[in-house]
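Before any comments, here is the structure.
Chain nomenclature is as follows: A, B, C and D, assigned in order of appearance, with residue numbering initiated at 1 for each chain independently.
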Amino acid sequence: MDLSLNDEQQLLADSVARFFAKTYTVERRRALVASELGYARENWKQFAELGWLGIGIPEDLGGIGGGPVETMIVMEGIGRHLVAEPYLASAVIGGALLSRGGNGAADLLVDLAAGNLTLALAHGEPKSRFDLAHVETRAAREGNGFKLTGHKAVVQHAPSADRLIVSARTSGNVATADGITLFLLPAKTPGMTLAPYRTVDGLRAADVKLDGVVVGADQVLGPVDGGHALVESAVEKAIVALSAEAVGAMEALLALTKEYLKTRKQFGVPIGSFQVLQHRLVDMFMALELARSTAETASRALSDPDPRYRARAAAAAKVQAGRAGRLVAQEAVQLHGGMGMTDELAVGHYFKRLMAIDVCFGNADWHQRRFADLA
Amino acid sequence: MDLSLNDEQQLLADSVARFFAKTYTVERRRALVASELGYARENWKQFAELGWLGIGIPEDLGGIGGGPVETMIVMEGIGRHLVAEPYLASAVIGGALLSRGGNGAADLLVDLAAGNLTLALAHGEPKSRFDLAHVETRAAREGNGFKLTGHKAVVQHAPSADRLIVSARTSGNVATADGITLFLLPAKTPGMTLAPYRTVDGLRAADVKLDGVVVGADQVLGPVDGGHALVESAVEKAIVALSAEAVGAMEALLALTKEYLKTRKQFGVPIGSFQVLQHRLVDMFMALELARSTAETASRALSDPDPRYRARAAAAAKVQAGRAGRLVAQEAVQLHGGMGMTDELAVGHYFKRLMAIDVCFGNADWHQRRFADLA
Amino acid sequence: MRMKLDAAHSRFRDEVRQFLDTGVPLDLRDKCEAGKRPSKDDHVRWQRVLYEKGWMAPGWPVEHGGTGWTPLQRVIFDTELGATPAPPVIAFGVTMVAPVIIAFGSDAQKKKYLPRILKSEDWWCQGYSESEAGSDLASLKTRAMADGDHYIVNGSKTWTTYAQYADMMFFLVRTGGDGKKQDGISFLLMDMHQPGVTVHPIITMDGGDEINSVFFDNVRVPKANLIGEEGKGWTYAKYLLAHERTNIARVGLSTRLLAKLKRIAAEEQMKGRPLLDDPAFRARIAAVEIDLLALESAVVRAVSGDKTGKPPGPESSMLKIKGSLIQQDLTELLTEAVGAYALPYQPEWFEPGWNGEPVGPDYALGLASTYINWRKVSIYGGSNEIQRNIIAKQILGF
Amino acid sequence: MRMKLDAAHSRFRDEVRQFLDTGVPLDLRDKCEAGKRPSKDDHVRWQRVLYEKGWMAPGWPVEHGGTGWTPLQRVIFDTELGATPAPPVIAFGVTMVAPVIIAFGSDAQKKKYLPRILKSEDWWCQGYSESEAGSDLASLKTRAMADGDHYIVNGSKTWTTYAQYADMMFFLVRTGGDGKKQDGISFLLMDMHQPGVTVHPIITMDGGDEINSVFFDNVRVPKANLIGEEGKGWTYAKYLLAHERTNIARVGLSTRLLAKLKRIAAEEQMKGRPLLDDPAFRARIAAVEIDLLALESAVVRAVSGDKTGKPPGPESSMLKIKGSLIQQDLTELLTEAVGAYALPYQPEWFEPGWNGEPVGPDYALGLASTYINWRKVSIYGGSNEIQRNIIAKQILGF
């Protein structure tokens, strides 16, 4: 049992490192997130060419057939460089949902892998608070199709997505897992309006309002009433991927902070000569390494047949990522002093992304409780 | 509003400091707790002569009529010197219960203040877990009196007490506040058996079994079915007193640890020259000072007419004492290294007493929850 | 929960509360309740209300416009003021430079500056930090060369809060060279509206622009603007730092944040019940509330016996550390309380006059910005690491 | 939850578990389940069972009695062994001195000592620490003077676990004087049963007597008992320390403590419901369980790719720190779980042969002693502060 990367994975890791080192500086990132789109279409095309968008997609559907470890490798790189492209939303979550979405959806995987389709999952609602079973949006039967009414909250990367995957209740009560159905809606669907905005980490999201949106039966993704399982499985992959992203971001922060402590002088010496600050960095290092180990275990667990093992490992990884991410980010700012508070340094940008990672799909407290309840 | 001590209180504090400095060294304490009784009767007589046993008892009943601040002063001294005499059990808790126990009980206050009576409260039970309303022990009507059957757990200072104050259920369900009655039982009551033992802190306790103990109506303390309010009020005083004791113990530990850091040399320098250890001591200092402030606020709050304010302040003090006590004790041992682990040094004895203080009448988690629920 | 006071101070607190409840102009109160940023004019308007009431400068000697309150009364006032949704009183004039002017300034300086500070006619800023010096304040490099009855100042300052609004700056500057680095530092006052003074905003990671770098290019400062003696600036700076720490615990602000947290947690739902009823979240709120009670007790304890108003000692470092940690806990819990709505970032919403539609519940707006911005409180005014050094040295004797 | 392994290692783990489930003599298993202290004989009995199975010294080269397992297999074995209620294998012989003898000892030493260690015929103890030296191990003062083909040893050692049982001690001693303090230290083996060796128990704060001071008064040690070269003892000691850290994380023990904690929390009642259902306590258990999964992942990750069995690097300091913190969290939670029954102290109960009636539930006995005793794990073998220094220096490059 060798947990080090195999040759193909090492090649992937090298290509990830090389590509982002070339394309992503703090300055380039700043320009990207300030742009209309919020990321670079050229980068996205490159992602496709490098095969990253096809990870997890079978080869006969245009993918490269990799698995969670490959996703982890890409996500760590994304974390390390604060990458703004919608990889998580489209390739990880979108890919997972399309893969289980039935025949029509499978065709779209080819587009996804080729970089011709971006996706966003519109599932969370103003009152759902991370509870995947809480869906108030209604899909009423209308002829052969449905009519969707509701409000989807903080849909990440929605403003740039070509299609939205929208969940709505076809039966059941507000908070039951049964009775949720997924629908695939083009961005410009009549009756669907997006209120786009930036999120604290510089990325994009939107609240999505559905005001009697008429959809055909062919727009259903996966089984009617059976959407919860699809979302749960996709979110499981998403939180593991986010944990890997957090690891990359923490790694970058640790390196920046170490460098700062070694070069910044006060009282005539590098501040890194103060034992107190060294030990604080040691605690950051330990938090990072333990979060890394958990993210790796969770990534490998995603291939495990036992759903409880998968779910607990994923929850554990998210808890570690959330807590370690906050600790590392807060300490990195503190150890940088006033400079850490500025927009100029990269430190604050990592801080904000790590905060957002903790919030996405449930924070550390939330997943700690799930971990306990899944016992 | 002057929170410093008034002249009488300062005199009391001086006499406490003087008396314990004279009577309590680590070695003397070691011998005391190893003795048959577990403490010194001479000391107890002195407590009486110094008026400490009469704090909180009206002057016409042999007391000195002091209040919670005076209790706090004595308890801090007790904590500072790891005093083994049953001051909390007899003077604080026993005194509080007798004061509200009606006419017959009031006479006993004279004995208590004079040092001729020691008491122990037998209330907690194997399954009660700090819940003061949880009483399974039954008091069945029997003629004019009652017949008591049940099991009281970890009754502190019971082995040396002249009388036990035993709670039992005269009506209501296992966990209702109503229906609890207090009884005053001489130590040698037929049908009552004590299984005495030491507790981790070197003090004494016993589990008390009541096997059809027949008591007269004149042994009822306070109103029938109304014992819960008495116990609640006495325990409120007890947890504030324990918080003050914790402050004294932490003070002693801080002083010992500071001294150790300044004198113990390693790598050619006093270990206190390492900034990391200095900052750890600073955190101990802060925990102590914040616990001290809370204990003082809670002591003064005991005189407040608002029961919710009293209860919340007391709970807050116990939470601070429990958490700060663990932190300070654990860090004191850690900073003493191997020496801190030995029975020879006083450090470990303070460690154990602070642990016991956290457990007594509900630990930090318990009172934090109460604090929240009392909002 | 708040600590209870004795009858006399309770009455005083009630009096203060009563005024603050009704004294804040309604539009300002609404703005601050909503977490919006007050404008310069808002600050000044509110400070003039306090001035009219005679409460602008409680800590000053009565002859200059102070209230004659005891230290505990001042703590009570500061706490209630902090708990009030109103623009914060800008400290640079009234509680920072003024005590220095009162203690060490000339009569002319007192006469000139104190009334204007009292009436908020000058907005002051502070020129202490320099980018190279950091926590090692005394290694500052900005220099003032004598030139007749003026100094010519060259160099720069940084982390200067509200320099963009400021009419005046007090600053530390090197007027002598040799000896210990603390020697040769002087304390000067500068008119910000003059050639050679350039203010550059520093954008902070929350997107704010309230701090600045200030550059001096041959700026002429009259020698009449020297406080006390040349070369004694370090002494005055230390005096100021001691005074600055009076309200360092910020119990009032934390009280307000705590109340907001409970309000939001009662509103937010978790699995169909109020988040406030979730035992885990409830425990975290209780933990910080208990810490806050401890802090308030420590603050009151520190001043209750003091009738002299002596500047607080090194124990104020503890209040600063604990106060900052509590504020940071609260701002963090607030973002956690609102779930995914912690993420939208709509800075425009905080600007005066913006009328767009906010995303999510009103109360969620700006919570993330505050959380991010509030990381500063354990850094500025002497970082928590520096405060721990002070305690280790001055209290524990290392 | 435990980390899953690949099919091959899963099978290996099952095999190990199967043996451990049935291999421990029942009386020993009961004793250890109950938290009672195993006697010297108990330890030896269990170690002989392992010897019979061929699993006494997995880490040794096969020719000396090792198993030939990969590092990961050894980690799996150590973890399962730690999770088993059985007397802990005493490390001083098999995992501490033996690797040094194998690496640096003479053929005669190997032939003499290794088989006896394998069969638990000698009980070893360690003579490293001295009371003055503390964490500064190299400043030791015990001295060995050459006298013909012997050394004459004078001085003392402290914190010597199980010296009272020991037949042999390996120890560090000063044979030379000048130069760096690490120079002039030699690594010797001593027969404990000889004149001049005195063992004094040190009572620990939990009431235990497993550690000792050992005094040497002109003790004669044959030069044949010198390991390697005179003056190179520090090198061998560092080699040993690196090896000692292999199982430093003690995932197995923590796994067992966690299972016990859940069992007890399911049994204990809080307001009429199992304590395990109390969300606050449940959250604390989950937090430590998640940390333990992280630690186990880190341990497996550290050795999974290693086929060479090289001694672990400085990253083992992290495993030591985190492992100790998890053990301490668990032992503390265990005492909290039993409420007031954490308080009774009945050390007699742990002694072989005592038949008195315990107070409170059986499972509560000894929890407090363990909590108290377990404060040692962040102190011994290089305190957590020393481990942080190692990480700062060797990994972070300060």
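Just so it is clear, a residue touches a chain if its C-beta (ideal position, glycine included) is under 8 Å from a C-beta of that chain, and two chains touch if they have at least 3 such contacts.
Small disclaimer: the values here were computed from a predicted structure and weren't measured.
J.: Specify the chain most distant from chain C by Cα centroid.
T.: D
J.: Taking contacts as defined above, which has more of them, A-D or C-D?
T.: Comparing A-D with C-D, the pair joined by more C-beta contacts is A-D.
J.: Suppose each chain is reduced to the average of its Cα coordinates; what separation in Å results between chain A and chain D?
T.: Centre separation, chain A to chain D: 42 Å.
J.: Using mean CA coordinates as chain centres, what's the gap between chain C and chain D in Å?
T.: 53
J.: Once you find the CA centre of chain A and the CA centre of chain C, what distance in Å lies between them?
T.: Here chain A and chain C have centroids separated by 38 Å.
J.: Which positions in chain B are in touch with at least two other chains?
T.: 274-276, 279, 365, 369
J.: Can you list the residues of chain C that touch 2 or more other chains?
T.: 279-280, 283, 385, 388 - these are the residues of chain C that touch more than one other chain.
J.: Can you name the residues of chain C that touch chain B in the complex?
T.: 1, 3-6, 8-9, 72, 279, 282-283, 285-287, 289-291, 293-295, 297-298, 300-301, 304-305, 315, 318, 321-322, 385, 388-389, 391-392, 395-398
J.: Help me check something: in the complex, which residues belonging to chain D touch chain B?
T.: It comes out as residues 129, 133-136, 139, 158-159, 202-205, 207, 268-272, 275, 280-281, 328, 332, 335-336, 339-346, 357, 359-361, 368-369, 371-372, 375-376, 378-380, 383-385, 388.
J.: Can you list the chain C residues touching chain D in their complex?
T.: 278-280, 283
J.: What residues of chain B sit close enough to touch chain D in their complex?
T.: Residues of chain B touching chain D: 124, 126-127, 129-131, 134, 153-154, 175, 195, 197-201, 205, 207, 264, 266-267, 274, 276-277, 326, 330, 333-334, 337-338, 340-344, 347-349, 351-352, 355-356, 359-360, 363, 365, 369.
J.: Give every residue of chain A touching chain B within the complex, in rising order.
T.: Residues of chain A touching chain B: 274-276, 279.
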